[in-house]
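By written order: A, B, C and D. Residues from 1 in each chain.
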Amino acid sequence: MSKEDNSDLIQPVIPREHEIEIRVRYQETDAQGRVHHANYINYFEIGRIEMLRAGGVDYRKLEEDGLMLVVADVKCKYHIGAKYDDLLRLKTRVVRAKGVRVYHKYELSIGDELVCEGETTVAAINSQGEVVRLPDWLQLDAKKQPNSGR
Amino acid sequence: MSKEDNSDLIQPVIPREHEIEIRVRYQETDAQGRVHHANYINYFEIGRIEMLRAGGVDYRKLEEDGLMLVVADVKCKYHIGAKYDDLLRLKTRVVRAKGVRVYHKYELSIGDELVCEGETTVAAINSQGEVVRLPDWLQLDAKKQPNSGR
Amino acid sequence: MSKEDNSDLIQPVIPREHEIEIRVRYQETDAQGRVHHANYINYFEIGRIEMLRAGGVDYRKLEEDGLMLVVADVKCKYHIGAKYDDLLRLKTRVVRAKGVRVYHKYELSIGDELVCEGETTVAAINSQGEVVRLPDWLQLDAKKQPNSGR
Amino acid sequence: MSKEDNSDLIQPVIPREHEIEIRVRYQETDAQGRVHHANYINYFEIGRIEMLRAGGVDYRKLEEDGLMLVVADVKCKYHIGAKYDDLLRLKTRVVRAKGVRVYHKYELSIGDELVCEGETTVAAINSQGEVVRLPDWLQLDAKKQPNSGR
């Protein structure tokens, strides 16, 4: 019954909002001279992962331990096209995380200009591919966190 | 005023629905052993292009002539993950094409199984990046095509 | 000792040279208006796979059965840049296949123009990541195939 | 004859060797659970660009001013496969830069382990696609820089 070696003893605290910078790579642009629209979806994934890391969670380890977060849906609305070498600012926000799903929103900007806005739903599955409940520390229930100020 | 040399004299007829097959490439998979979710967005683009080609329109030539179709938004709902070497069937459908925008829907399947469903809005812009009216042959107005049966 | 259920009874015959067509995708181009140089490496991989398929070998099944072909080295010399929607012709050739390695050469062209030339070495490994001998049908020994004419 | 507005007055000093860190993205892995071999070629490009930036040169501006560096050939020898989320260390080195070409070598490692080694030749071209002489500050001639000390 000992839990000494259980990393769950210290619960990670995932931020609800996190910001990172991403430098546009040449390979991510296309012949229209801008970032190919599919590549923004990859940026969102980086935002999710780095948000977890900021809360002390190594997503790779999570997968090695048998929990995968798979994307159930994605939306993206494009405003302007980012160019090669632009330094993008990606704001990732957890809107809701309850049961088996986490809902994120994303805002990607260059300086004051909004490049695109996105939304995703990710679902937790185990190594058998079965949908499973999110770990407690990933749950974000508005009622239980009344002082979160958002 | 002569229009003899105007290729518009013969108007292309773009199908409203078109189907292609796409073989999953190794590079499109990820460490979860399935197609990375962002890559389905690329498949949709191929579907749009091949639909135009089926109607006699070379999208590259369209761009060379100064008309670009840029993606304004995209949605994708994922059902199952396609695997390396799967032969996917992509059904692309024009839902509406009016004014400056074309709305497409997509269904991607392996045999009878639905892999994912998508939607995009593409907008016509000229070489100065200004939003412009779709060419007539790309317009799809329900009232003018009463017998389209969909 | 029975080998009745052994699919090896009918040995695949892999062609030593195989040609396919590849249509350049928008996502494969970059802001210089040409195919990004790293993407040609992906085309080579498609060439190898389709060469196996032409010989009756399903590479995915090979992997499922525990044999992986991993790339040990790659070279590519670029001549001209392919553009969006170009229809490329890729010629893949097995130069040597002996012991644990297969050596391929590639020529990628648009019409009569050579786009790039490549070479790769792929090594056979088992599911434990150990280097293993190529299956007999993948071996290509000049002495044993005196009439191959090359 | 005034050169007041000529940025060439202050010559950039490009380091001959430069090191960066690159975090492996999920999208860069493939179903073998490792970084897809073509993606290392993209890392090399990032290495070249960041080496220029470390010397005060903005490659995007270089292109806007009409000088492009295009890849003429690439070689890569793979040792081990990097995994998702690995933090890679990329050492980029200018071996020679004379006339119209720059020769780079690359070493990519995880800790003490060498992941892969690469080489590229890039050639300078102008906006008409003509091969042109490298800017002086990009030339690296062993005889003329005996004191470079690296």
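The rule is simple: a residue touches a chain if its C-beta (ideal position, glycine included) is under 8 Å from a C-beta of that chain, and two chains touch if they have at least 3 such contacts.
For clarity, every value in this text was computed on a predicted model and none was experimentally measured.
*Asks:* Measuring between Cα centroids, what's the chain most distant from chain C?
*Replies:* A
*Asks:* Of the chain pairs C-D and B-C, which one is connected by the greater count of C-beta contacts?
*Replies:* Between the chain pairs C-D and B-C, C-D carries more contacts.
*Asks:* Please tell me the distance, in whole Å, between the geometric centres of chain B and chain C computed from their C-alpha atoms.
*Replies:* Computed value for the inter-centroid distance: 31 Å.
*Asks:* Where the CA atoms of chain C average out and where those of chain D average out, how many Å apart are those spots?
*Replies:* 28
*Asks:* Pull out every residue in chain B that's touching 2 or more other chains.
*Replies:* Each of 26-27, 36, 38, 42, 45, 83-84 in chain B touches at least two other chains.
*Asks:* Treating touching as the only link between chains, describe the layout with one word: line, ring, star, complete or other.
*Replies:* complete
*Asks:* For a test of understanding, state which residues of chain D touch chain A in their complex under the given definition.
*Replies:* Listed in rising order, the residues of chain D that touch chain A are 25-27, 42, 45-46, 49, 58-60, 63, 83-85.
*Asks:* Applying the document's contact rule, which stretches of chain A touch chain C when the two form their complex?
*Replies:* For chain A paired with chain C, touching residues are 26-27, 29-31, 33-34, 36, 38, 83-84.
*Asks:* Mind listing the chain B positions that touch chain A in their complex?
*Replies:* Answer in residue numbers: 32, 36-39, 41-42, 45, 68, 70-78, 81.
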